[in-house]
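Shared between the two complexes below is subunit A, which pairs with subunit B and subunit C, respectively.
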Partner chain A sequence: MNGNIENYKPGEHPDLPPPKNLVGPVAWIRDNLLSSPTNVILTILSVWLLIEVIPPVVEWAFLDAIYTGEDRNECRARGDGACWAFISERFLLFTYGFYPEPERWRVNLSFILLIIAVIPVLYDRVPLRKPGLYFTALFPFIAAYLLVGGDFLGWNLPHVPTEKFGGFMLTLVVGITGIAFSLPLGILLALGRQSRLTIIRVFCVSFIEFIRGVPLITLLFVASTMLSYFLPPGTNFDLLLRVLIMVTLFASGYMAEVIRGGLQAIPKGQTEAADSMGLKYWQSMRLIVLPQALKISIPGIVNTFIGLYKDTTLVIVIGLLDPLGIGRASLSDTKWTGLSNEVYLFVAIFFFISCFAMSRYSLYLERKLETGHKR
Partner chain B sequence: MKLTKTTALAAAISLTALTAQAGTLDDVQARGELNCVVTTGLAGFAAPDENGRWEGFDVDFCRAVAAAVLGDPEKVKFVPTTGKTRFTILNSGEGDILFRNTTETMSRDADLKLTFLPVNYYDGQGFLIRKDLGIDSAKDLDGASVCIQTGTTTELNLADFFRVNNISYEPVTIETNEEGIANYTANRCDVYTTDASGLASTRAALEDPSAHKILPEIISKEPLAGAVRQGDDQWADIGKWVVNAIISAEELGVTQANVAELAAAATNNPSINRMLGTEGNMGEMVGLDAQWAVRAITAIGNYGETFDRHIGPDTPIALERGLNAQWNNGGILYAAPIR
Partner chain C sequence: MSESAIPQQPQRNPLSRLWNDKEARSVIIQIFAFSCIFAFFFFMVRNAMYNLEAIGKDISLDFLWQPSSYDISQSLIEYNSRSTHFRAMIVGILNTLLVAVSGIILATVIGFLLGVFRLSKNFLINKLAYVYIEYVRNVPVLLHILLVHGLIVHTLPLPKNAVNVADAGFLTNRGFFMPKPSMEPMFWLVIVLFVLGIVFTLWFRRYAKRVQDATGRHYPVFWICTAAIVGIPALAFLVTGMPLAWEIPELKGFNFRGGMVIRPEFIALWLALSLYTAAFIGEIVRAGITAVNWGQTEAAFALGISRNRTLNLVVIPQALRIIVPPLTSQYLNLTKNSSLAIAIGYMDIVATIGGISLNQTGREMECMTIVLMLYLTFSLLISAFMNWYNQRIKLVER
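Moving on, here comes the complex of A and B:
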């Protein structure tokens, strides 16, 4: 031992690797999976569960699956795995609903424009962000025109009635409209609820409490059936528009409460400091209070977004067919009846991708805005 | 002052409600589209195909009405509804006519303010059960769990049947037929009950149809009929006579293939002539032209043709005509004469 001792000047000792038994896969397994008797049992149980579940699922969904075929009987004759032929035959129906085939390029174009419009909002280090944001503001109108069509300043696209909307496209239209409009509305409602003007406060409180006290399905039902009792005969208030309004209002009620939570977490000193610097109400809100309040509220806001996105499946009660509705209706096709596992799994994957993306983005945003307050 | 204003407003609202009720034919023709209430999906009766086109037995009747009223069987907007929402949608004016495998009952007719069209399918409620449970009669179902659609007459029949026979059951309520199949195949209920037509198609779609059977008891009468809102007799007449024409066409031997030929000139059968407008003008009486029935039959064929196309023995649903054969052929299909 003695002979190996080297002499270093103070502070110049090189970093040595950690002891062998504290690194590497073996150490990781010991620390994370087998650190106590309870953990050992849990690990064994989990491994057993995975072995039980994964191979049959993989076998059913991939190895034994049938990807092409004319009908259910053909699938059945060729194997007992998942019959994805059903989904692939109906894929276009799932995507576009009843949107007329020659016009489907408009849906595709809107989707591409959507991605272009969303990027400058989501990321702040992209080239041309300023003009991009102007485009984002214009996008809802462009998309509405593209999807519905009609005569506009000499442009003439064939009109597509909104009841032809369906499938993923319908989910995206309803979900994104709701998300885009409920946030600003929710902010206004949250601020209004704290207003010193009684009328505004009472209005906002009653609106929020009403919305939160009534299930979305009821609101949708009112939108689809009750309105036609009240509107003068002959007025044709578009059904999808009613749904969009109802969904947006519904989400904004919840959004307002989430944001109010954020506002209440901001110390009063922040507003007072803003006041003392001579900032007007809206300036202090925009520059001081809201940026902090919204940052704290991100998890809650995204939670509301995801909830809203999934709630779009409720439109089936008023006769609009979202992917789930299309799936259910497709199951009644005599050629394919009884393939519910495939349909529900397919729709679930779609929703999982969308919602998981939203939740990942919110984590990214939280990390980016992290200013060291987190515990 | 305030009172009179409110009264005037109320009067205006009820007036507009009234005007909304009358003149459905004018509304439909002005709109150029028939809003037809159908189910969200029932094999053989109404379901979208892979191109998004609605197909089925009920759907055909929608197309026939559209052809008679608008001259084009494709000018139909299908309004898919669940069992619970169908009547509200019809009564609110979101739908003009309903063909949604709906049982005609007194309370629906009188209380829900519907006017039913002639029956287009005679059905009855049955039970589907796994053979290995060893049950041969519905009366042995004591304590069974039963999958049942809410908001339907089958739900009420079921309660009646079990009460009358003094046996108990455990309801597993579901929303759609499709859900019922999923629950039944997953063994969440011992028995699935719905109209026998639905059971036949359900059984045909199961993994191993021979492991399941339909119990012999048919516990109810389910005359399935189209319906319209009460209060517009002309519109109800149109629906009624389009259905009657489709049924009569089979009885008279008028088919999709020969209808154009038969309608070109008067034949020696006055019944055919009256229906196809080569003699007199029956269509005028309901506000249509003389060719109304020709268009309806050209669109979907006669009753037998649409039956065979969607639910007949050659389809996966494989229903026999049974009660739904013509009256002179062992069934009870008996359309009032067009004269």
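Moving on, here comes the complex of A and C:
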């Protein structure tokens, strides 16, 4: 400042830069990492943790890892990192299970159809959305036929028994069936729980409380051991179908509670207004109450979906071979013993990607449906 | 435009009139629903009776009193293969309760820490907690259990080169061997003092709250209570000359003998369940604390209340109201998830009565019904307790 302050007219002096100690990386570090003694300790601890964990893991999983090889011994001879050769050798098994090789195009086709069916549900600005939604409604049946095969209206695909299903494909079958059917069932149960009709209400409440009170694993055991007693003699019920029913019922119990939360948050005035407009019960639910209730229960609904998707791993306890089951079975192969970490990490990555994507989508949906009524 | 223009009301048939009457319709629907439900159950029960008769089975619980003839590696009560199936079931129940209770405690501690870390201004710890929570929540719990079990079994050493913890504890892939305490007579004094400490704490907290409500005086409740529960018994322990003998495990042959052992199955299940549930609890805690209006904190600061006391007296009591209901369902989830023990061979309810007993006796109906009933009871008990607690802390509206 060499005394030429008067060169500026009043109010025209350019803004001075902020003090050096309030901006820039140094200030950021001071604010975010070292603002108090506790923070200093926490920072030191986290840095120590990162140094302890990241280099060994990176070394194990990437730098020292073996990507190709014949068996465990070859891996071990070439380094002590992860033996991904195991995973690459078994990759097809992890994907299709024991689905017969010449028929695997059917699984691929179903997967492509799945993507086509899901797009109109996920995004509302796509061409041909309306016919797309009809296709979505039909998709479960098309996929079921494609995967199982058999004779249908002159079409003839070789029959594939459901015991051959496995791997990621089985996860998708169980997960998507559960997701597709538990939402409508959950809505019905939630409405039933709120119903004026005592018998329906009591039935729904006891069903929901029972489902929520027992672990899924016990229900799966019931499906695999006990259910055949309750069916007419001679009925042979496919195990996968039994599992699908149980998983759907299980998820619908939780779904019902999530949706009930949404229904309870809708002011009574909405139903009363619908009544005074002369709307019937189902009309008022479909046009007035449910759209609002479902919108506010989206986070919960997606959480239930994610929970259901993760719970599909439990089918291994009754002998179905989902990726985890395939992995465990592969581990008992003498060629590849002791590689459990690789297998579990691989399966974990698969689940992480799918579930993380679902939760991100739910955030996107919440933002999209936000109509600014939030207080 | 004359009266005759009004159309004649058509004679409506009585059935449709009945249907258009709200009360009558609800009765009709209910009767219909009831008959459907009844028919469904009747059909199932009749099938079950017919099927059971066809293979010559009856329904009876007598098998519970027959010897089980299988061993259980970790049991809290006396048990051997000559004990009855009923006793095996009790062992299973106790094992489930053990892992559920210890899991709930650890999950709560880690979960609250995670929640606080997620709210921390410290960039590193915040992001670390975020990454941890996202990873754990998006991977199935069964995978966590198997992963932790695999890590323990494959990375921990064999007993002969065990990790030595202060010459008393030994970490091996067969479990964690610890000294086993055996009490000498004077130890009772310590126990009595400990119980008295808890009673004192219960009373003192209410007293302190009363005093504070009436006069505004604040006692250092936490320190006084810690002294009463931990300090005084510890002092008594030292004064009476440490009346506790330790039996230290020793390596004999291929394994350790003596002392106490925590099996790898228990450790794996306990750690995996706690770490998994903790991630959910962390998010619940974070949501609960963020939901308390910032104005509350500012008001407390404006009144000159210190930071810690603001947290203790203003923020946490309000946050707890939001946290408790979802926390309950996490506790329930943990208890129910403990049934995954069967995947790694920890002997809980499902593995004992619903697993080996079922396979040995072939009584699917009875065993599965018992298992379902037990879990229902646990769930109802936990929710009853948490509802009671929720009642106590919920907002008293004027």
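The rule is short, and it goes like this: the second predicted complex is superposed on the first by the 332 of 375 C-alpha atoms of A that agree within 3 Å, B and C clash if a C-alpha of one lies under 4 Å from a C-alpha of the other, contacts with A are read in each partner's own complex, and residues count from 1 in each chain.
Here, a residue touches a chain if its C-beta (ideal position, glycine included) is under 8 Å from a C-beta of that chain, and two chains touch if they have at least 3 such contacts.
Predicted model only: the values in this text are computed from it and were never measured.
Following the overlay on subunit A, a clash is recorded for the pair subunit B and subunit C.
Once the two complexes are laid over each other on the shared chain, residue contacts for A:P37 go to neither subunit B nor subunit C.
Of the two partner chains placed by the overlay, subunit B and subunit C both lie in contact with A:G338. Using the contact criterion defined above for the overlaid structures, shared-chain residue A:G278 touches neither subunit B nor subunit C, since it reaches no partner.
By the document's definition of touching, both partners, subunit B and subunit C, reach A:F230.
Put subunit B and subunit C next to each other and count what each touches on subunit A; the higher total goes to C. When the shared chain is aligned, no partner comes close enough to touch A:P102: not subunit B, not subunit C. In the superposition on chain A, A:I306 makes contact with subunit C only, while subunit B stays out of contact range. By the touch criterion stated above, A:G325 is placed in contact with subunit B alone, subunit C being left untouched. In the superposition on chain A, A:S359 makes contact with subunit C only, while subunit B stays out of contact range.
Of the stretches 24-32, 168-176, 222-230 or 312-320 listed for subunit B, only 168-176 runs into subunit C once the two complexes are overlaid on chain A. When both complexes are aligned on chain A by C-alpha atoms, subunit A residues 221, 225-226, 228-230, 232-233, 316-317, 328, 338, 340 touch subunit B in the first and subunit C in the second.
On the subunit B side of its complex with subunit A, the touching residues are 13, 16-17, 19-20, 39-44, 46-52, 77, 79-82, 85, 88-89, 91-94, 176-179, 181-182, 185, 201-202, 204-207, 315-317. In the complex of the two chains, the subunit A residues touching subunit C come out as 31-33, 35, 39, 42-43, 45-47, 49-50, 196-200, 203, 210, 212-218, 221-222, 225-226, 228-233, 306, 310-314, 316-317, 324, 328, 338, 340-341, 344-345, 347-348, 351-352, 355-356, 359.
Of all residues in subunit C, those touching subunit A in their complex are 26, 29-30, 33-34, 37, 44-45, 47-48, 50-52, 54, 117, 120-125, 128, 134-135, 137-143, 146-147, 150-151, 154, 332, 336-337, 339-340, 342-343, 350, 354, 358, 364-365, 368, 371-372, 375-376, 379-380.
Those residues of subunit A lying in contact with subunit B across their complex are 72, 76, 89-90, 92-93, 96-98, 101, 161, 163, 166, 221, 224-226, 228-230, 232-233, 239, 316-319, 321, 325-326, 328-335, 337-338, 340.
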